[in-house]
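The same chain A turns up in both complexes below, where it pairs with chain B and then with chain C.
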Partner chain A sequence: MNGESLLSSFINTTIERWPMVLDSILSHLSISLMSLAIAVLIGIPLGIFITRHRKFASVIIKIASVFQTIPSVALLGFMIPFFGIGRKPAVIALTIYALLPILQNTYTGIVNCDEAAKEAGKGMGMTSFQVLYMIEIPLSLSIIMAGIRTATVMTIGVATLASLIGAGGLGDLIFRGIASVNPGLILTGAVPSAVLAVLFDSIFRFLERQLTPKGLRK
Partner chain B sequence: MKLVKIKKFLLISIAFIFLISVTACGSNTANSEEKTIAVGGKEFTEQDIMVHLVSELIEAKTDLTVNRKPFLGGTNIVFTALQSGDLDISVDYTGTGLVSILDEEVVNNADEAYRIVKERYDEEFGITWLEPLGFNNTYAIVMRADMAEELGIEKISDLEEYAAEFSFAATQEFMERDDGYSGMKEAYGFEFKEAKGMDPGLLYTAINEKQVDVSVAFATDGRIPAFNLKILEDDKNYFPPYDAAILIRNDTLEKYPELEEILNSLAGLLTDEEMAKLNAKVDIEQQDSKEVARDWLVENGLID
Partner chain C sequence: MIEFKEVSKVYEDNFEVLKNINLRVNKGELLVLIGPSGCGKTTTMKMINRLIDPTKGEIFINGNSIKHRNPVELRRNIGYVIQQIGLFPHMTIQDNVALVPKLKKQDPKKYLKKVDELLEMVGLDPEIYKNRYPTELSGGQQQRIGVIRALAADPPIILMDEPFSALDPISREQLQDELLNLHNKLDKTIVFVTHDMDEALKIADRICIMREGEIVQLNTAEEILRHPANDFVKNFIGEKRLNSYNGFDFPPIDEFISKAITIREDKGLAEAINQLRQNRVDSLIVVNKSNQYKGVASSWDIYRNYNDEKLKIKDIVRTDYACIKENDSVEKALIMIKESNKGYVLVLDDNKKVKGVITNGSLVKLLANKVIKDN
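Let's turn to the complex of A and B:
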């Protein structure tokens, strides 16, 4: 198939199946964003916790890494007896996969904050909590956000596998395209997924700039 | 001082081992380049067994080296590899060839379907369909046997009454194919409350764990007896025949003509039940597919 007919079959398929494409994009987004939100809510506090209790740090990061290495089909298979099929097991699996970059970057970012700045804060009589949100988090924000952005791009990509467990999403289009020798259909699933990944990466980049204190902006 | 010596010794031995393994690999590939054929299969157990069965037979009967490539991917990927010459041999099913590759209408007569794919593959792709192996791995609609019995469901038509409250799961391939779910809805005139596309392996876990009520399966799958699933009778003859046969590239056959007779010695021997048993040995009893293939060949007197 040459490039032009591939492009036209992609466009035609997208138009023909627009209701299904839209539906897949929406469910893809909701699965990805839900998993990301949960991963952020777990990953950042846990990352902060292990900077305060360093003896747990390597164990917890290692556990997150081990989860990362489980092949997704295997992980999804383990979940069926406990969580059934559909959205729930997909979100749980994606959360597990998104955890490592967020956890790792939060930990690394905070640990590598300028000691002198922290000492100065303590010297001014800041409590541990004040040191955290007035010094450590602002100073490590770009690293933490980089972790979230990595997790975002990865999750939106990996969310195509949610289709394996009946959760729908853009993976449905991709796997159906592969199964039916239909490159146009594969692209109808793959292109929106790539666009979403880039789009959300930019959104988080923008957010990061807005959240960075003026004095630290580059 | 001593420690340094030991370290040096270790380092040298590691380098040595590395060197040996590199040269060993090198000579290996050099050897096998001459008389090697590649046998590939799709990403499920039956195909894995067939890859080993064909390979074991060829290796026992000829001096060819077989490069085994099981679990390559779906129909499309394996066919593309065969067409491009990355593979010499694969196993496929008449119905799949007809609908997925040749883009033809469904043919419900098994002989007619075989005749069409044999002729068209030879003309259009330079690929030969050898004689049918004997099993018909058609799609089957299954549900848990206890549930089917309780509700008195014997055939697919019986589902009509319950379809509005039943969930259905199938492979993505089945959801997309014209002779899959969309055709089935038309032929039987009902659709399920929800129909989900899933990974082929996870389907069986899902129905066994009562997460779906009705599922698609393959008629020769070992998990059907193992999970006590019931195949519902296809009373409208909706599913076309999917008779399995070995596919071989014509140029490979020209190069090694003896392969035709050797591979055709399998024809007709593998019935649905035989194949389901072999599948069960791998899927349920967790035996190695290569061993299962070998044992079957020995049992049937095809190799020593």
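Let's turn to the complex of A and C:
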């Protein structure tokens, strides 16, 4: 099959099966974004917590790293005995996966932000919480956002595998395409997945720039 | 105002940074804590705003122990300036300066006006600078902001931890001058940590010299220079400063001696006139055969008595001229020149032999050298 016919096959399949494609995109997005949201809600507070209790830091980051080393397909498989199949186990597995970059960047960002500013803040009478939200978070925001972006791109990619445990999403199209030796159908799943990853990366990049305090913009 | 009573600090590894410190900082004074690194000066300062708590002993502010004061509330009433400046890069200059009043929830209208006043006080136009960010300012300007940030909530006490030591020498001098100005104007109690003796001598009301967790000497700059407590203090101040305190750095006297034009006392006046002309001087130093000082013959006396051929130099000699020994100080010579009104002073050795003269010209030369050296 040459490139031209692959492209037309991809376009035709997408148009023919548009309702199904759209459906897959939406469920793919919902799985990915839900996992990300949970990972952010856990990762950032946990990251902050370990900056305050440094002795836990290496243990917690190591645990998160261990999960990261498990191949994604295996991690999804592990979920079945505990949570069965469907969206729930998929979201849990993806959350675990997305946790490390967010956790680690939050920790490093805060730990590495300007000591002098922190000392000045403390010495002038900021509470620990004020130091956190008035100094540490604004100063480490770009690093934390970079972690979230990494996690986003990764999650949207890995979420295609969630179809294996019955969670739906663009993986459905890809695996069906593989099974029926239909490259057009594979692309119908793969291309939107890639586009989504790039799109969300750009959205977060934009958000990051908007959130970065003016004095720190380059 | 601030009082340390038997304060000690021992770290977990049993290292004793402070050993039984007793210290009083008077209201409105600028006290400098100085000493080599590791002497405990910064630790002492940080105990005042409870960034570090003592292991033993107590600290009182206005007679009240701060042991149980809420550290956050305490710190908001004590200005704090650090070496690394520590401005918040994500906040404008205005927001940086206004931080403590904001934390204290004061009325924005009031403190924003105060911010403008403070900026003007350190020579930064508020209209230009208040909406800028710290990175847009030079190091010297940044630390000016650091200093006025500590003043914004008008605290009675200000702690400064080597605030100028990271600045270039010119900015440092300027900021020291400005600090002195502020201190004169505002009547704050300032505790200032430094390792720079010149800085301490320049700004301090009193200097507290510390070493290995103990106070070695606490007194005014004047007293410390005049009566260093021990060799450590002497070394720390430095031989050069101890000398330069006595006026300024004078070179030894022999560098200023010009050759004296002498004449033997048994010579006649015609010979004397010849000497005056040849050497273009207006008086001759009179000596005996063994070159010992006998007095001075002025050209006025020589010309006036010239017609009397019988007169020898020894008949017209005057002895009311100032003489000093060659090992006296240049200072003494200068004072004598000034007091004698003769424009010069004679330098003799222990056997009254004439070594030379020190003239007004020498004084000019000395000052010129000093000016050249300083630039």
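Please note the rule applied: the second predicted complex is superposed on the first by the 218 of 218 C-alpha atoms of A that agree within 3 Å, B and C clash if a C-alpha of one lies under 4 Å from a C-alpha of the other, contacts with A are read in each partner's own complex, and residues count from 1 in each chain.
Here is the rule we go by: a residue touches a chain if its C-beta (ideal position, glycine included) is under 8 Å from a C-beta of that chain, and two chains touch if they have at least 3 such contacts.
These numbers come from a predicted model, not from an experiment.
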First, second, both or neither for A:77, with chain B first and chain C second: first
First, second, both or neither for A:127, with chain B first and chain C second: second
Which superposed partner A:157 touches (first chain B, second chain C, both, neither): neither
Partner chain in contact with A:215 - chain B first, chain C second, else both or neither: second
Residue ranges of chain A touching chain C (in the complex, touch as defined): 114-127, 130, 134-135, 138-139, 213-216
Contacting residues of chain A [partner chain B, same complex]: 73, 76-77, 80-81, 84-86, 163-166, 168, 172, 175-182, 185
Interface residues, chain C side, partner chain A - complex: 49, 51, 72-77, 80, 82, 84-92, 99-100, 103, 133-135, 146, 149-150, 159
Complex interface listing, chain B residues touching chain A: 73-77, 79, 100-101, 169, 171-173, 175-177, 196-199, 201-202, 205-206, 209, 211-212
